[in-house]
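Report on the following structure.
For clarity, chains are labelled A, B, C and D in written order, and residue numbers in each chain start from 1.
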Amino acid sequence: MSPPSALPTTAAIAAAPEPDRWHFRHPVRIYWEDTDAGGIVFYGNYLKFMERARSEWLSALGLSQEHLRSAGQGMFVVGETQLRYLKPARLDDLLTVTVRLVELGRATIAFQQEVWRGDTVLTQGRVRIGWVEPFEDHFKPGRIPAQILALLPTPIQTPEVDRP
Amino acid sequence: MSPPSALPTTAAIAAAPEPDRWHFRHPVRIYWEDTDAGGIVFYGNYLKFMERARSEWLSALGLSQEHLRSAGQGMFVVGETQLRYLKPARLDDLLTVTVRLVELGRATIAFQQEVWRGDTVLTQGRVRIGWVEPFEDHFKPGRIPAQILALLPTPIQTPEVDRP
Amino acid sequence: MSPPSALPTTAAIAAAPEPDRWHFRHPVRIYWEDTDAGGIVFYGNYLKFMERARSEWLSALGLSQEHLRSAGQGMFVVGETQLRYLKPARLDDLLTVTVRLVELGRATIAFQQEVWRGDTVLTQGRVRIGWVEPFEDHFKPGRIPAQILALLPTPIQTPEVDRP
Amino acid sequence: MSPPSALPTTAAIAAAPEPDRWHFRHPVRIYWEDTDAGGIVFYGNYLKFMERARSEWLSALGLSQEHLRSAGQGMFVVGETQLRYLKPARLDDLLTVTVRLVELGRATIAFQQEVWRGDTVLTQGRVRIGWVEPFEDHFKPGRIPAQILALLPTPIQTPEVDRP
């Protein structure tokens, strides 16, 4: 199977993480909890690392997810994830997780994210996020509130990478 | 430090898991997600295994935690845990988690629980549970509803073990 | 963004989980550990559920991942995951996770997997697996051992779904 | 049940986290992955937070757990944990996890640890750690290597708290 077209090739991002390619960077240390019996980081945990970086970025932009949630205004939900695991991370590693907003719509936004150790990219991913608002005793999909969209920057277009 | 007095000695439970010593048993398979780079189960996960067994037991007794929670009636919260990790479990292991209700009060209940692989006890624990009910935008401690207490059996007293 | 082409549409799998569409099914109960503050299952955990189903299937085929690992023969590693989260699961839910082997090569194999609650599909995914073998103090990619490939069944081709 | 004697009372530590009471402090941010459907941090995750703080402290002391592990020298294993969950943490919270070495033996060491949000203590714990070394294809308990013990400071005695 060829790689999904939405994911950049390793070659294409060889120069990352360059400052103008990413909206945000977040450090992640690897602890015992993150590893598995293979001696490496359990692949499922990269979704957590990418989420941590997005959450820190939203906090840095002034957005409190907990306030929105407990006030009953709504919350972001993850709709789709595509990840490629290129090289393993290990106990004690200090990684850098990058965040690039690549699509900004009324109903969903999309991120390109990577996990690096030094100048080596370990994992690449694309994450699509939607919004839900309270409805009866649960939630239903809705439009992302305008005041939240206003906090977000212009997406970084990387056509040569994302649409080869 | 001597072992906490609330925990039975390994010798004292050598004959477990005998049917009349436990209210419930639950099987747990070990997957990659449960292990760490030491090649064994991450110790923090035994709390999850014990919770799974308690939840299955409550379900078997006819109690729906999700119904109570989403209906705003309240929920159990864990107040205290004491665990001893005696021997490691590994990938692919099929374990048995036991549940014994040992204290039944209006404000809290307590469980003695163990994790076994075959006839070998791997982990022993005591877990104290309280109850919280909705209060303003959060929760506050409360008395366990009488209809829930009525579902629970008489605690199994094991004085020779629990109070040496 | 249109859905990744490798993932079947919801309509296309409306009749699943039919027996002849899947190699294996595995039940998963939702516990507190699986949920998040949104009141639903944390999306990252579906990767764990899919892994559990694959591991149980491999065990059922007679393959011990722990034996292979501790004997130093090698292990499967996840190379790529694509998931779509369609509807949420909640505390106490009993889900069915399906496994369909869709590609069987010397270097990688691929699975189509879904998570169902009753007759509702909640999550769809494609997972690509590789093989690594011990090399110096770590591991390197290798060919899947022939005796393992021999245990696996013929992939189920679903061209109308996977290559629209 | 009275609290286990090994755990300090809340009153006794009201002045914490004072610099001379702890060997180390580590910040922990709460993300979605840490919470559960109760809207608060899943209690089992405090063991992870305490482990992160101990690991960061060991790193700061110059000790690489990954080097020890992959070089086949041995590793720390958790033998016993006692935790009390006093107040909940929530999404977006920034917590402080403290580490105090309270016992230093040849076979085991023990830590007193707490989790704070601002000047409020949320969780208190005692964690006992042992050492294992490679033996045949697994590990067996052993003495903590002298060069590791030499890196550790004098335990902080808090008799008025730990033995009331």
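Here is the rule we use: contacts are C-beta pairs under 8 Å (C-beta built on N, C-alpha and C of every residue); 3 or more make two chains touch, one makes a residue touch a chain.
Since we're looking at a predicted model, the values are computed, not measured.
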item: Relative to subunit A, chain with the most remote C-alpha centre; value: B
item: Distance from the mean Cα position of subunit C to that of subunit B, given in whole angstrom; value: 30
item: Intercentroid distance (Cα basis), subunit D paired with subunit B, Å; value: 22
item: Subunit C-subunit D separation of Cα centroids, rounded to whole Å; value: 36
item: Junction residues of subunit A, two or more chains touched; value: 32-33, 37-39, 44, 48, 51, 66, 69-70, 90-91
item: Arrangement of touching chains [line / ring / star / complete / other]; value: complete
item: Subunit D to subunit B touching residues, read off their complex; value: 1, 3-4, 6, 37-39, 43-45, 47-48, 51, 66, 69, 75, 77-85, 88, 103, 110, 128, 138-139
item: For the subunit A and subunit B complex, residues of the former touching the latter; value: 32-33, 35-40, 42, 44, 70, 90-91, 137
item: Contact set on subunit B toward subunit C in their complex; value: 29, 31-33, 39, 48, 51-52, 55-56, 59, 64-67, 69-70, 90-93
